[in-house]
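Each in structure tokens, the structures are laid out below.
Look at the two complexes coming up: chain A is in both, with chain B in one and chain C in the other.
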Partner chain A sequence: MLDKLLNYTSILIKGLPTTISLSVAAIIAACLLSIVLTILLNSQHKLLIASIKFYILIFTGTPLLVQIIIIYYGPTQFPAIRENWPLVWSLISHPWMCAFIALTLNSAAYTTQIFYGALKAIPQGQWQACAVLGMNKSQTLKIIMPYAFKRAISSYSNEIIFVVKGTALVSTITLMDLMGYNQFLNGRYYEFSIFMITGGIYLLINGLLSAMMRSVEKKALAFETP
Partner chain B sequence: MSQWFLDSSFTLLLKASGVTLYLALSSLLLGLLLALVFAVLEANSFRWVAKTTTLLVMIIRGLPEILVVIAIYNGIPMILNAIADGFTMHLFITDITIQHNIENFDISPIICGIIALSLLYASYASQTLRGAFKAISPGQRQAAQVLGLSKARILWRIELPQLWRHALPGLGNQWLVLLKDTALVSLITVNDIMMQTLSIISYTKQPFSGYLMAASLYLLISVISQWFLKKLEKKSLYFEQGASYAR
Partner chain C sequence: MRTCLLILALSSLCFSAFAQHITFGTEATYAPFEYYDKDNQLVGFDIDIAKKICEIKQLNCKFTNQSFDSLIPSLKTRRIDAAISGIDITPERKEQVMFSQPYYLNSAAFLTQKQALSTIQALKGKRVGIQNGTTYQKYLLEQFPQIKLVNYVTYQYAILDLKSKRIDAIFSDRALADEWIKSDSNLAILGNNIVDPDYFGSGLGIAVHKGNDQLVEIFNQALEQMKIDGSYQQIYDKWFTNP
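== the complex of A and B ==
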């Protein structure tokens, strides 16, 4: 019995590199992208703001599964891409790359909402204080953004866990991540213990992540609690 | 592409949207009920009951949604099998044997989908409800107790009506999440928007247009829900607005 479980675990572990590499890459890329988008949302450019809001609406209004599948299977409808831009084609025909793009765009949309919301929640007095000191927009943002981000950490850590959970969907585009190996084993042995081990591994990852984020938050907000 | 085919694939997609909405709405109803049960259990004075419920909710929230859906789809027949074969539980002093004849092992995937989605919804919504319970001032409960109302009556007539107002924004957000999670049931062979799109694409060989259509349907449902929720929230805050005008 124990042998069997150990055997399942050793096979499932093989999916861990894909799950972790995708999570880390998507989380970092989405974080950077959403910082840029948050800054752009603070600009005066109306068309730019409208297009960012449209992007957020689309990526938060549709399921992640559809986004992953459309990025992976969609381009095959246009053979012109293969003929004219072979480099782009080789990039988007790689499932890892497609999953990375989909997860990043999806998470960046939600993260921008979180960051922008935190920025809006900073009391008006702070903005006015910066204005009185004669700071321009970029100087003001440099002061206020770190402050806002620290306040956003608790909602942001939820988003990080959603990305890790979202990586489980990439098994639908032939990537062999943790969920992919789970499906492979379930198809072969059909046992519930396989699901329990997979679930345990995901719980372990998410538990560690949320513990880590909690200590980061505690440190970041140390100046607020006496 | 003949006009006939375009028309028929459009009606097929509309029908599939009905399946998606049916799934989402029934999961919402069952999920709300479960969430209420979870929230009440978590406030239970028996500590181990409260702790077990909290643990269960935390586990569901930490698992990928796709894993929960597929595990339930695979797990329910296994449980039924075990019950039909009969098994013995060794409880401290006595042994309990459970055996029941089951004729039908085919549980419809829609039912599995509803169970999985409502569990997922309930695990998030129970936290919202717990927060909303705390937001009701304890004076309300004390006043009701002084008036001699029973516990159940206090919950139904005093606390629940006030609960919705605090809980509505959170529950609304989780409804939008639930709506998107319904796409996962296509993986357990429910003929929803995603599954229907897949079978349409196998004819048309146009994956981009097909999935774009599916995405637009989801977006449309989301946007309509958001509009409706905004209206509902405004209505639920009606009394508070009145109070602020009076001041």
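== the complex of A and C ==
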């Protein structure tokens, strides 16, 4: 029995590189993208703000699974892409790349909301203080954004865990991540213990992540906690 | 005494109602065995076989559509009574479930773009699509370790990727491949049909929960009768004999 479980675990582990590389890449890309989007949302361009809000609506309003499948299978319906833009095609023909794009765009939409919300939650007095000191918009944001982001960490760590769990959907586009190997083993041995092990591995990853984020949060807010 | 009779009556009622309801699990993206036609009706060779069995044995049959790799787990947890979904009878599966006698003898084949590859040997290092949990997956893993396997939930997605050249070939049932070639003239069979009794070729069977000998017996009797009265041949001709 133990041999069998160890054997399953050793096969499941082969999916970890895909799960982890996708999570890390998507989390970093989504974080950068959402910082940019948050700054843009603070600008005066009405059209820009409207289009970002539209993007957020699309990606927070549809299931991640739908997004992944549309990004992977959608472009193949147009042979023109394959013939006219070989570079674009070579990028999207890799399932990893499609999964990365889907996870990044999805997570960036949520993260932008978190960051922008945190920025809005900064008391008006702080903005006014900056204005009184004669700071312009970019100088003000430089002061206020780190201040806001520190307060967003706890909700942002939820979003990070969300991305890791979201990677479990990428096996639908043939990627062999942790869930992909889980499906593979389940299709061969039909054992429920395989699901338990898979769940355990995800729990371990997310447990470590949330512990890590908690300590980051503690450090970031150290000046405030007595 | 009266309560006793009542319980007896109720239980027999329950039992007969229970015995008449059979839920068949199937994965309906597998033409010509089971698929939804243009009117959204579940049709196919397997479906006709199952319906005929139900007609002969006067069972009340229902079908559920689910992913292929969840069929055997569903049998084991008794969410469905039987699974008819082009399931190859293999020793590994026999450890999990019981099978009726084979109702179809199948073979496998590689499907590729026309003129893309010339021989099966040329598939070395190429990407071949298969459905997760099938004997085709197991066969390629063990017999063609040089081939890069791409696992799909359903063959429906694999065919999309074959047409867009994300994968070089698909390995599946021959009857299935023939059905696709009918709808797309750019596709062709590569090499000969493959039969390997360790993986496929022992035939397709109807799977039931282990220990449900009664149901297997019902299926086997019905299949025997269908072979004698010619209704099996009728269904076979309907789906596999090209006009």
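Note that the second predicted complex is superposed on the first by the 226 of 226 C-alpha atoms of A that agree within 3 Å, B and C clash if a C-alpha of one lies under 4 Å from a C-alpha of the other, contacts with A are read in each partner's own complex, and residues count from 1 in each chain.
Criterion: a contact is a pair of C-beta atoms (placed from the backbone, for glycine too) under 8 Å apart; a residue touches a chain by one contact, two chains touch by 3 or more.
Quantities reported herein were computed from a predicted structural model and do not represent experimental measurements.
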First, second, both or neither for A:Ile161, with chain B first and chain C second: first
Touching partner for A:Ser93 - first (chain B), second (chain C), both, neither: second
Chain B versus chain C as contact partner of A:Thr174, first or second or both or neither: second
Which superposed partner A:Asn206 touches (first chain B, second chain C, both, neither): first
First (chain B), second (chain C), both or neither touched by A:Asn182: first
First (chain B), second (chain C), both or neither touched by A:Leu65: first
Partner with the higher number of touched chain A residues, chain C or chain B: B
Partner chain(s) touched by A:Arg82 [first = chain B, second = chain C, both, neither]: second
Touched partner set for A:Tyr190, first chain B, second chain C, both or neither: both
Residues on chain A lying within both footprints (that of chain B and that of chain C): 73, 76, 171-172, 183, 186, 190, 192
Contact footprint of chain A on chain C as seen in their complex: 68-69, 72-73, 76, 92, 96, 129, 132-134, 137-138, 150-153, 157, 160-161, 163-166
Residues on chain A engaged by chain B in the complex (per definition of touch): 57-58, 61-67, 69-70, 73-78, 161, 164-169, 171-172, 179, 182-183, 186, 190, 192, 195, 198-199, 202-203, 206-207
Residues of chain B that touch chain A when the two form their complex: 59, 62-67, 70-71, 74-75, 78, 180-184, 186-187, 194, 205-209, 211-212, 214-215, 218-219, 222-223
Complex contact set, residues of chain A against chain C: 73, 76, 79, 82, 93, 171-172, 174, 176, 180, 183-184, 186-188, 190, 192
